[in-house]
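Structure in structure tokens, see below.
By written order: A, B, C and D. Residues from 1 in each chain.
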Amino acid sequence: MKYEYIQQAAYEANMQLPKLGLVLFTFGNVSAVDRNLGVFAIKPSGVPYEELSPEKMVIVDFDANVVAGTLRPSSDTKTHAVLYKHWDAIGGIVHTHSTYATAWAQSLRDIPIYGTTHADHNVADIPCAPPMSDEMIKGDYEYQTGFQIMDCLRKKKLSYQEMEMILVGNHAPFTWGKTAEKAVYNSAVLESVAQMAYLTEQIRQDAPRLKDALIKKHFERKHGPDSYYGQ
Amino acid sequence: MKYEYIQQAAYEANMQLPKLGLVLFTFGNVSAVDRNLGVFAIKPSGVPYEELSPEKMVIVDFDANVVAGTLRPSSDTKTHAVLYKHWDAIGGIVHTHSTYATAWAQSLRDIPIYGTTHADHNVADIPCAPPMSDEMIKGDYEYQTGFQIMDCLRKKKLSYQEMEMILVGNHAPFTWGKTAEKAVYNSAVLESVAQMAYLTEQIRQDAPRLKDALIKKHFERKHGPDSYYGQ
Amino acid sequence: MKYEYIQQAAYEANMQLPKLGLVLFTFGNVSAVDRNLGVFAIKPSGVPYEELSPEKMVIVDFDANVVAGTLRPSSDTKTHAVLYKHWDAIGGIVHTHSTYATAWAQSLRDIPIYGTTHADHNVADIPCAPPMSDEMIKGDYEYQTGFQIMDCLRKKKLSYQEMEMILVGNHAPFTWGKTAEKAVYNSAVLESVAQMAYLTEQIRQDAPRLKDALIKKHFERKHGPDSYYGQ
Amino acid sequence: MKYEYIQQAAYEANMQLPKLGLVLFTFGNVSAVDRNLGVFAIKPSGVPYEELSPEKMVIVDFDANVVAGTLRPSSDTKTHAVLYKHWDAIGGIVHTHSTYATAWAQSLRDIPIYGTTHADHNVADIPCAPPMSDEMIKGDYEYQTGFQIMDCLRKKKLSYQEMEMILVGNHAPFTWGKTAEKAVYNSAVLESVAQMAYLTEQIRQDAPRLKDALIKKHFERKHGPDSYYGQ
């Protein structure tokens, strides 16, 4: 019974992915963490969304060991585990292959900050982590993916609390947040921003990045100490 | 009870935004004005559409003071207030981050008048207001956004009664109309025209603007003194 | 009661347009003809689809005079009348502003025959009629639109029985067929072919047109004397 | 009664096509084989999906002779028959004109392997078979289409068990799999991969193909002897 809360949270967050048009078949997964118990609940691998239920969510610790549950956890479980282990403040993680974000990941480009929709959520370009070395890929691949994500943020001097989304080059996006629900929200925001950035470049090849004053203004009205967005 | 009518109008108009595919999450807001009372009803900030009800619409005067309601109004309230104060003939205002219109706003380009779908509603390119100066942004940002919109129309010699839509550069579209319902209609038209203009340029880079005779004909058959569209 | 049949046919065909995603608001209309009575039933102008009913369809003769009905007919009625008057074999006509077909119309380009989806329905590029002269536009515009359509087919040596769709330059598509239902089918096919042709050119700028043997084969297996498609 | 099982399988798989957005009207068909009986069940030609039922599926042998059923089978039946005859291990075949895959087919290009969504399913570019010679087209066209598909895989040294999808140049995609259900799954995957590859090239014209280590890793985690995806 002690895992019920995070199983419910992970279940509900997973079920949002098809509703938001972010997944085809089983191409995505969400997890929700319990920091006190040191475990997270994650989608079982390859199980269609319509067959999911809260109790099917697999309980895993931060070294990716299955703690409870009869199903095999998502094949991306080790990436989730690494991020939970190193990032104390996150409560949920999402991985999808959503169309536009994945196309940017395949192009190996950061998503430039072209407008306020982007700035409402991030103060910088959304980074694209470079593809891993062949050694990392042949080794413990999903585990290394977690380190590749952390390494990319560090090199770009971005905090995981400010930048809650990333593209993994040649692969697809990961997002996170204080809760699984917030991480799903970030996945939908990323997909929308990715589509708008793509269209912006099609409409004007040399579209300028947003100027600093606007970046600061929009981020702070939602997230700064004097924020005035929401209730 | 005296605000019930505009609360209902604002509520119904807000609920059209997700139905028409114009908003993701809470990225949009509609207001409806009562000219006699000198107030308007507007969406509360950050409240999901599925949780809205007419009585949650916040009542605000033309200086953006909350007159009635327990929730905080939309963060864009000051922009609405400025426009209602200066434009006597409008009854409703809409702000969205709809995908194609926002991509044009991010490209800082006016939407060229390429066809009759556009001319059925506007006789000119849909203007894109330039980004504000850093001083305006750092100052009373949403208030200045209203003036930036009015200033852009003035410089382009467009009347707000003929051109009921605008892009705010680097940001997103605003539309208005005689009623909140008409303003929502205009948002959907803008999004459709923005998509068609984008596709037109992709299909033919040097697509010509619509010729004057057709612009005049189509606008007048819907809006001229001898209009013969509708009942 | 004698118009009931075509009113029902026109009503049902009109209701297909929003279901097939071919119209926003009231941007489209369908008519169905009765050759014996020399009249057609057409959508009333500017009435939302959800408010339509069979008896609201307006009965009009081939000179565009209203014969029965209390509502004003579609503003495009004269175009329908001209085509019914001159083309004996058609039973229905559709006009929409569907997104991709309209973008091609705005680009003033014929849609090249790039594949078998196109060839299953047409043996030639889908023509785009040039914009009318200013005199034609300022005159009886919708009436002249009908002649512009017929003139374009004639110049391209296309029969209206083989080519059941056209783009009106700067404007939008018209389609027709033996029945109103078939004309709606053609509108959906046109939109799909228009989207595929757009994407084909994006993927390969110099994509070749379909070769003659394939054009002939695909058209004939659906429409030739030895056709073997369908029941 | 002995055909009931494959009729049910073919029916259910056919009904997935409109649900997955892979067909407009009747532009697609699925078949399911019974290897013991040497026959397959296939969609009747030109019958709308909403009018289908299991017993309407036509039973055909590997030489394309109708064995049971009162309706005419899909016009593409001979292509299905040829593939079943030569490829022992497949249980289902799908043909659609899905938008993005068809656009690639019309461009006569293989779909480059740009990311892991592709590599999760295929280790190579998705091939586009060249258009057939005029003789093949004028001859037994659908029969030859089957040989054109087999010939293309052979020339590219691809096994039909590893590469379960192909584009037929100027035409549209075919997919197959161990079951009809899996073949439909492959059609949806192909459409998604086709859309992402298109967007990738738009975002970055010189996007690099996925490197070998990643191709191998992703394919093997789903399909290799040590696969760890799914239950």
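Going forward, contacts are C-beta pairs under 8 Å (C-beta built on N, C-alpha and C of every residue); 3 or more make two chains touch, one makes a residue touch a chain.
Everything numeric here is computed off the predicted structure, so don't read it as measured data.
When the partners of chain B are compared with those of chain D, the chains appearing in both lists are A, C. Among the remaining chains, the Cα-based centre furthest from that of chain C is the centre of A. Of all residue numbers that take part in the contact between chain A and chain D, under half occur on both sides, making this a different-residue interface. We define each chain's centre as the mean of its Cα atoms; on that basis chain C and chain D are separated by 33 Å.
Per-chain Cα centroids separate chain A from chain C by 46 Å. Within chain A, the positions touching two or more other chains are listed as 202. If you draw each protein chain as a dot and join the dots that touch, you get one closed loop, with every dot joined to exactly two others.
Two chains count as a pair here when they touch; such pairs are A-B, A-D, B-C, C-D.
For chain D in complex with chain C, the residues that touch the partner chain are 24-25, 27, 44-47, 71-72, 75, 97, 99-100, 102-109, 131-132, 134, 137-138, 141, 170-172, 198, 201-202. The touching residues of chain B, when paired with chain C in their complex, are 114-117, 185, 188-189, 192, 195-197, 199-200, 202-204, 207-208, 210-211, 213-214, 217, 221, 228-231.
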